[in-house]
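Listed next: structures, encoded as structure tokens.
The following pair of complexes shares a single chain, subunit A, combined with subunit B in the former and subunit C in the latter.
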Partner chain A sequence: MGKKIRVLVGKPGLDGHDRGAKVVAAALRDAGMEVIYTGLHQTCESIVEAAVQEDVDVIGLSILSGAHMTIFSKVLNLLKKRHATQILVIGGGIIPLEDMKKLEKMGVGKLFGPGTPTTEIVDWINECAFAKTEQPKTKRVKAKKSRKIKVRRKRKK
Partner chain B sequence: MIFLKKLLKGEKRTVAQTISVVENEGDTKILENIFKYTGKAYHIGITGPPGAGKSTLVNAIAKQLLEKNKKIGIIAVDPTSPFSGGALLGDRVRMTDLALKENVFIRSMASRGSLGGLAQKTKDVALVLDASGMDYILIETIGVGQVELDIAQVCDTTVVALVPESGDSIQAMKAGLLEIADVIVVNKGDREGCDSLIMELKFALDLRQQKAGWHYPIVKTIATEGVGIEELVATIQSHKEYLKRSGRFEKDRKEKLKLHIHELIEEKIKSHLKEFVIKDDELEKIINRVYERKLNPYHIADEITNKIFKVREDV
Partner chain C sequence: MTKKDWEGKLKMHKERDSEFTTVSGTPVKSLYTPDDIQDMDYGRDLGYPGEFPYTRGVYTNMYRGRLWTMRQFSGYATPKDTNKRYKYLLKHGQTGLSVAFDFPTLYGRDSDDSFSHGEVGKCGVAVDTLRDMEIIFDGIPLDKISTSMTINPPAAMLLAMYIAVGEKQGVPAHVLTGTIQNDMLKEYQAQKTWIYPPEPSMRIITDILAYCTDHVPKWNTISISGYHIREAGSTALQELAFTLANGFTYVEHGMQAGLSVDKFAPRLSFFFNAHLDFFEEIAKYRAARRIWARLMRGKYGAQSPRSYLVRFHTQTAGCTLTAQQPENNIIRTAFQALSAVLGGTQSLHTNSMDETYALPTEQAVKVALRTQQLIAYESGVAQVIDPLGGSYYVESLTRQMEKGAYDYFEKINKMGGVIPAIEKGFFQKEISRSAYEYQKALEQRKKFQVGVNIFEEEEKPDIEILKIPAAVEKNQIKELKKVKKQRNNARVKEKLKDLRKAARNGENVMPRILACVKVYATLGEMCNTLKEEFGVYHEPIIF
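Right, the complex of A and B next:
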């Protein structure tokens, strides 16, 4: 059998509401992915360490505690330290729209709020994984550039 | 070869990426390169029915071995769904004590269609961990029934974990799981029925032919609380010493290598068969004739294999 998409689903911090994480984990499993679930109350360090050892393609964090700004930036930093930035970080939970935008600028791939159909998450991961195997760097850079250009145009107006 | 140096040093990201290559690609080049650095790690297998506490036992055993300053690699296998091809790998949930230990490397594997309790590539992944300088490799199977016995072909010491609900002496006398056990653990020892299961097991094991010099020890544990783990690790250690003392260690490992080579040859022949010997359209014609009962499958199989081996004889 060939390569499977590997996803680590983690619950960082003290928030103990893991229903959502489990729903997502089950959906990804049923979509043919290998899902590593690490359980409740994980630290950012242990999540990144597990992601490195398991050589996952994606880290999905479920955060309902309000600590998303701190946790995501810490995870991204730790990944940088381990030279593992090609691992895509995504998330879900109760995150205000403004924060979502900030986080996506920071380097988080995508955030899924309450009510997101699980198929949307599956499709999004599949698409990214596909893009990654095609041409990893150029695609990402292009995406960033085009975003910047759009912003500038808006300002001029 | 910077990559090889990093791998032999046990640099975790390199080890992880190497495992992915080994797991996903049919290419055996990496394994050929690292094979000479393997053979040093001692392999301990943990198997048993679902929910027996295998992951928790692995966690507890690893913690004990860590205290002795050992380096430990863990491979935890969970089943792949035959329907979706996906898998939920949840063994790490029980191993949070080990998450940040410098000397521990944990890798979850999905069984990917293999039926023997391990994944097809588990043996190869163990080789990578072996080369990366581990002292011990703990391999945890999926939750097994009675005949998923692959683990015994990979490990030096096989630990079978049972729980008080696992059955009576008749279960223990049946062929299968208990036959591969070097050490038996009755976990969840605080539950009712534990002592009577141990009695029944002792009775059943008495009836069995003993391997010379080794009686099958039964250890009672409560893995979540660490009770009995020290004794379990000591028992595994004494099995290791027994193997070395009696010369069985070398003999067993050679037997396993022989099996490994046989498996590889079989695999090669199988893929060769599919690619070259039987072409689909040709086979379809044959199947049509077999369906009409003008040919029979036994004769066809003979004919085709004879053709293959004739080619060999000519050379």
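Right, the complex of A and C next:
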């Protein structure tokens, strides 16, 4: 894989628990990915804006405040609006199993609960990126206009 | 047999690991003997309970006089739901209250603020105006119970609301007992709940110190907290050193503001974590008592013995709970609680088994409370004062902790003190580094978590979870609107104007805040007024 995978690690909302986000950010960085950490107290809008601007492959959201249902659905909707659904959304935090299932159905790629080894997150992202590059015509398109093409190619699994 | 002979014999026995360390990564020896505490002087370094330097406890008779306060941190959804939970806990033998607020409240935002969407009542109870506090404490006599409130940037407002509720119940402020966390320094370092920059935050804190000294003399004005530093990933030593460094910074600011140290220092209290490593935790509490007493007397010139005391609350370590095999959390919590008791805590919260998924259910929180009651009434550990005093290992570890803390103090001093060190990101870096090191140690299986990286099971835990209905947010906003309609808006405006003036001209803001609260100004209105005067804090981004 020639190009480095770019990941935006975000802390949306008012939740100040940043231990997990920082540990995951450091682990992804040490695994060779390019990591952008947003810092705390971001709005969903600013996270999506940063993700599009930075042309990331993955957004990882850490939520321990109980606001996960609201925040994930907002981020997914904003990505749709920006025609940027090629960006994979994943997350972690204090999330009941039932909500995890609902969120995964909603379009969140994967949720990693407490106790997940960081290597599992790294492997999962690598596999997804690999699956992407397997498909024909995977050249990353820089211009925003052409994003629609990528939308269709988006995860159907 | 001499020690040397024994050591020779020991070498012939294979050990099950190549190195042995505490959970914080400090190497430990196979055995501790009188050699390890040779230079310890009983009178100088330990003393009797309730006597300088208080290593063995802050009170003369400790738990033989009165057990620690069993204080479960609790609050969720609406003020009404929270009131019901408090009555439930009191019915089952809890002896103090501890309020958990939701995120909007913690940040001084109203429930109808755009940033609050999705967070109202989720990880604590929502408070917008005095009306909510009236409901939370409805039927709970404030002259009979002490209340701790985990609140930081808007601590002044919540304390004012509590005073106002007391007045309505006919309980004057000088009778009220309780604690506000009000520890902003650890917010910048670890818990990350802030509004204003450090300097105005410190000014509000000293305003509170001054106000309470005169009007709410039994109130604990700052709960200097290591808990969150530890939860954010620090080691035991970092928790100890950073917490005490913060404490001394408050003392210095109070003294600079012209307050007499013996007037406000006795009302400072502490809040520590009870983590996994049993003896390391006990050593941490003992070292904290000794360091604080020595420096308060030696460096800050306090004369009153009450200024020397580290009176502390403890909470078991939420970050050690596992989502896997959640029932194990009951046992983890029990060991941690035991270390807090053997370490001489004044009050204790025990976590519930289901907290890696959500706020605890009634059933889960009852088991957590029962855990404390088992320690108090069955185990026998509360029958003797400081039963571990004199243990070669514990005393040697205590000494080691103490020394390590002084090394950190020196480092922090060289950076110009706690606030410059925060601005440089020193604490933040130290803590994230330790968190990452620990995570790596888990993944390399140098450290273990039962159910996570050892004795794992293929299972999807099926436990009952507390759900906060989506309607909570709507209802809370509806109630807020109702209050706004019923109150005298002209008076609210006038009182907010007075608050702004006080903020600007350096007058104590506490009486002004109390006046705002009484006319039902919202938390957001008060905090925004101060925000306009003081500005907002932006963190240095480090990982």
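Keep in mind that, in the parts below, the second predicted complex is superposed on the first by the 133 of 157 C-alpha atoms of A that agree within 3 Å, B and C clash if a C-alpha of one lies under 4 Å from a C-alpha of the other, contacts with A are read in each partner's own complex, and residues count from 1 in each chain.
In this text, a contact is a pair of C-beta atoms (placed from the backbone, for glycine too) under 8 Å apart; a residue touches a chain by one contact, two chains touch by 3 or more.
As the structure is a computational prediction, the values presented were derived from the model and not from experiment.
K.L.:
Is this a clash or a fit when subunit B and subunit C both end up on subunit A?
P.N.:
fit
K.L.:
Considering only touches as defined above, state whether A:Y37 meets subunit B (first), subunit C (second), both or neither.
P.N.:
Touch status of A:Y37: both partners.
K.L.:
Just to be sure I read the superposition right, which of the two partners does A:L111 touch: subunit B = first, subunit C = second, or both, or neither?
P.N.:
A:L111 contacts neither subunit B nor subunit C.
K.L.:
In the superposed arrangement, does A:D15 touch subunit B (first), subunit C (second), both or neither?
P.N.:
After superposition on chain A, A:D15 lies in contact with subunit C alone.
K.L.:
A:E54 contacts which: subunit B (first), subunit C (second), both, neither?
P.N.:
After superposing on A, A:E54 lies in contact with subunit B but is clear of subunit C.
K.L.:
Of the two partner chains, subunit B (first) and subunit C (second), which one does A:A26 touch, if any: first, second, both, or neither?
P.N.:
A:A26 sits against subunit B and subunit C alike.
K.L.:
Of subunit B and subunit C, which one touches more of subunit A's residues?
P.N.:
It is C that touches the greater number of subunit A residues.
K.L.:
Which holds for A:V89: it touches subunit B only (first), subunit C only (second), both, or neither?
P.N.:
neither
K.L.:
Taking the superposition on A as described, I'd like to know which of subunit B and subunit C A:S46 touches: first, second, both or neither.
P.N.:
So A:S46 only meets subunit B here.
K.L.:
Of the partners subunit B and subunit C, which touch A:L76 in the superposed model: first, second, both, neither?
P.N.:
A:L76: touches no partner chain.
K.L.:
Between subunit B and subunit C, once the two complexes are placed on the common chain, what is the minimum CA to CA distance in Å?
P.N.:
In this superposition, no C-alpha atom of subunit B lies closer than 5 Å to one of subunit C.
K.L.:
Counting contacts the way the document defines them, which residues of subunit A are shared by the two interfaces, the one with subunit B and the one with subunit C?
P.N.:
In subunit A, positions 25-26, 29, 35, 37-39, 43 sit in both the subunit B and subunit C interfaces.
K.L.:
Which stretch or stretches of subunit C touch subunit A in the complex?
P.N.:
Residues in contact with subunit A: 103-104, 106-107, 109, 115-119, 122-123, 191-193, 231-233, 319, 321-324, 355-359, 432, 435-436, 439, 442-443, 449, 451-453, 460-461, 465, 467-468, 539, 541-543.
K.L.:
Provide the residue numbers of subunit A that touch subunit C in the complex, in ascending order.
P.N.:
Listed in rising order, the residues are 9, 13-19, 21-23, 25-27, 29, 35, 37-41, 43, 64-67, 69-71, 94-98, 113-115, 117-119.
K.L.:
If you look only at subunit B, which of its residues touch subunit A in the complex?
P.N.:
Its residues touching subunit A are 12-13, 15-17, 19-20, 24, 80-81, 84-90, 92-93, 96, 99-100, 105-108, 110, 112-113.
K.L.:
Please give the residue numbers of subunit A that touch subunit B in the complex, ascending.
P.N.:
For subunit A paired with subunit B, touching residues are 1-4, 25-26, 28-39, 42-43, 45-46, 49-50, 52-55, 82-84.
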